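So that you can tell them apart, the chains are marked A, B, C, D, E and F in the order they are listed, and the count of residues begins at 1 in each.
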Amino acid sequence: MEGKLSHYDPSGKVSMVDVGPKTETERTATARAYVVLNRAVVEALPTNKKGDPLEVARIAGIMAAKKTSELIPLCHPLPLTRVNVELSLDENGVEILATASTVARTGVEMEAMTAACVAALTVYDMTKALDKSIEIREVHLLEKTGGKSGTFRREEGR
Amino acid sequence: MEGKLSHYDPSGKVSMVDVGPKTETERTATARAYVVLNRAVVEALPTNKKGDPLEVARIAGIMAAKKTSELIPLCHPLPLTRVNVELSLDENGVEILATASTVARTGVEMEAMTAACVAALTVYDMTKALDKSIEIREVHLLEKTGGKSGTFRREEGR
Amino acid sequence: MEGKLSHYDPSGKVSMVDVGPKTETERTATARAYVVLNRAVVEALPTNKKGDPLEVARIAGIMAAKKTSELIPLCHPLPLTRVNVELSLDENGVEILATASTVARTGVEMEAMTAACVAALTVYDMTKALDKSIEIREVHLLEKTGGKSGTFRREEGR
Amino acid sequence: MEGKLSHYDPSGKVSMVDVGPKTETERTATARAYVVLNRAVVEALPTNKKGDPLEVARIAGIMAAKKTSELIPLCHPLPLTRVNVELSLDENGVEILATASTVARTGVEMEAMTAACVAALTVYDMTKALDKSIEIREVHLLEKTGGKSGTFRREEGR
Amino acid sequence: MEGKLSHYDPSGKVSMVDVGPKTETERTATARAYVVLNRAVVEALPTNKKGDPLEVARIAGIMAAKKTSELIPLCHPLPLTRVNVELSLDENGVEILATASTVARTGVEMEAMTAACVAALTVYDMTKALDKSIEIREVHLLEKTGGKSGTFRREEGR
Amino acid sequence: MEGKLSHYDPSGKVSMVDVGPKTETERTATARAYVVLNRAVVEALPTNKKGDPLEVARIAGIMAAKKTSELIPLCHPLPLTRVNVELSLDENGVEILATASTVARTGVEMEAMTAACVAALTVYDMTKALDKSIEIREVHLLEKTGGKSGTFRREEGR
């Protein structure tokens, strides 16, 4: 295996590593999560006219992206230039795509992952009275651009 | 389907519902998450002598439980009496079990789920330099006790 | 004038005063705010099908109630049992009613006021591209119940 | 009506819109709020020698400006370069002027508005034991400079 | 040595330990800190008429007490019933006494210590342009009451 | 005495002063704190195999650096590029060195001081069951580089 764990200094200690020498570039990342819901819940979701739980989850995901460096101990605080969270209902549950962007010295992978997770937790919270077996699955990075390591795109079927 | 979506008032609007009339009782919840890691990462994890990434994730999970009502829009703030986060490495990745307890008018399901998710995100963050295909899976409630709805235990094999 | 400034100790210094000897009782408060919008904005608001700005403001108000003791220096942290924020559009703008409840040793007046203000600020934020003359007005307490000082109701026409 | 609601993407969904392509420029905004107090309170305020409630409100306003992106869901986090909050007592109450500045890709209008509101809420909190009819009024933007939309100054008498 | 490290479960792992079985009682703690300032700064401090840096530090200390469980990883969140921070200038610097109280299942020692430290850091921050050799010293617990372990008072001269 | 108190505007009022006209440069600061522990605690610390309290304190210090502008009222929010916290046990207690870096318009002295203090408070919290006489001492700035005022290094023996 090449490479090493993130967030360790040369002596092997946990550290918020120095990104000062890195260049400010535009960076984006997109993460995905999926909330499995039973059939009854999937059918119930669109019938609530006055307040859409997926809208609540969207707001929660956007706000959580801004809290990433408070939640993840070694994350650098970043001036986010964009956060977008999409939720779409299909017959098995809710798919969440979260995108974050910045112009900074390090990437926004964790911001996208955190937004996706918190949006998923909020879908769970809004529907949990209907179904105790809800599961959040397949939280992963879809794409990452910018920075020295270049573009990453997750392969299909992984 | 019986029951209704959580966090809606009788007119169908999103609301932090009134738990004032409910009784303060001891309540606990345990949630689970699993972080799939490739073989090379699983082998690399125990070799870092001076700072264990699973310890960082444990602290992150415990601290996140205390932030649940800031992250999940309709969650009531609760005086947590206990938070425990266990991480164990097996050949496919890291299993996370998070338990939260309170003596309060509503349950701690979301606190346990949030602790499990943020611990999983932190494992991801500490290992992401080694493996871009890491996935967080199987985030679900294992058990819940206390309150009017009584004890819930997830069935095997779901 | 009877009474004295809030949050001062007997020697005249600012203090988070001792509410330990007070009794835990159910307490509620309702506050109001009004956001004046020009006619064009009032007409534009209901036409946005996919994301209602008043729903975003409702979520923001509910979440802000939970942050009251972080924002207002001498406020005691309280375990809120309920937060409800209602927004209604009329021909001159948006009226906001925010209600907070707790079972605690001190009241939730500031939680209701903070929720109303932050919901109003969010309405402002969502509409400010359309109208720079938006004004938040008439932020006041409507009603307060519970605690030693008993029930307060704002007189009409004040 | 020209223009459109803020914080919506082209498909009509709520989003923290992309400011990455915008240029970093110096931006400032000044907002105003007014807290109406009854005569007895106005007379009482300057007599408290050891701790001035308007100083507490000033600190609260400055600190709140730094929390704007946590409170207002779609606000971008900004590196504030300056926050100034002035409070002045006249015969009808307290006038608050809050100014925020940044060097960033988007403006600080909401930071100035939030600082003014939270300073006003704090004046309310410090004086509420004396007067239940206190009202916060006339919260609006006075001036805004920098960015593509240029300088805005509120007209007198609005 | 009797006793064991705080915040470890029986298997030796870090944990927010279970205080659920403990009884809610009134608990208080008082902590002290001292900020050593050079003579010139000590003389300069009282001459600033319009804004007293010790008042800013007092507010910062009170607000920090409310953030203790966010800062100290294994601290339980507690409903503080009182926070008081006293600062007094003598010829060598500023003495800080911070007292916190609660009615809860565990003590407020860390809340008092955190309030004292953050008030001291704020005195440092307000005066650092005048003196780079400022030092915070003698941060310790003075007294603790309530709970099973009973009353503790620091001996003179330690 | 030359110079003046920090964070005051020309009229003598507390203000988050304007750093907009200053140049973005790389800035670092290192602060120190010392936690005095009794002999029994010093001997007990290394024997806890499964969770090192100094690792918990390291994480707490790093996370606290990111909260500095929330805690210290007049601090500017800064995009930290690095935070490093070292803890070393000697026969009298634990020495803490905290370093923060940024590329910004103002310095990171308070971030380093805050990280050192919160790491020290966490050492206190983890060991307080063993020793009530623990004291945090000698919290001071060791070094500061970057910015107009240039490099500062604390003299030995102060």
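Please note the rule applied: a contact is a pair of C-beta atoms (placed from the backbone, for glycine too) under 8 Å apart; a residue touches a chain by one contact, two chains touch by 3 or more.
Just so you know, these numbers come straight off a predicted model, no measurement behind them.
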Shared interface partners, meaning chains that touch subunit C and subunit F: A, B, D, E
Query: Going by the stated contact rule, which chains contact subunit B and subunit C alike?
result: A, E
Task: Have a look at where subunit A meets subunit B and say same if over half of the interface residue numbers show up on both copies, different if under half do.
output: same
Task: Have a look at B-C, E-F or A-B and name the one that copies the D-F interface, over half of its contact pairs being the same.
output: B-C
- request: Please indicate which chain is farthest from subunit D, where distance is taken between mean Cα coordinates of the chains.
  value: B
Query: By mean C-alpha coordinates, which chain is most distant from subunit E?
result: A
Field: Where subunit A and subunit E are represented by their mean Cα positions, the distance between them in whole Å
entry: 37
Task: Please work out the Cα centroid separation of subunit B and subunit F, and write it as a whole number of Å.
output: 31
Statement: So subunit E residues touching two or more other chains come to 13-14, 51, 55-56, 58-60, 63, 67, 70, 73-74, 79
Task: So, with touch as defined above, which chain pairs make the list?
output: A-B, A-C, A-D, A-F, B-C, B-E, B-F, C-D, C-E, D-E, D-F, E-F
Task: Please name which positions on subunit A make contact with subunit B in the complex.
output: 1, 3-8, 11-14, 33, 40-41, 43-45, 48-51, 53, 56, 59-60, 63-64, 67, 70-75, 109-110, 113-114, 117-118, 120-122, 124-130, 132-141, 144, 152, 154-155, 158
Touching residues (chain side subunit E, partner subunit C) in the complex: 26, 55, 58-59, 62-63, 65-67, 79-84, 86, 101-103
Task: Please name which positions on subunit B make contact with subunit C in the complex.
output: 9, 13-20, 69-70, 73-74, 76-79, 104-105
Message: For a test of understanding, state which residues of subunit C touch subunit A in their complex under the given definition.
response: 51-52, 55-56, 58-60, 63
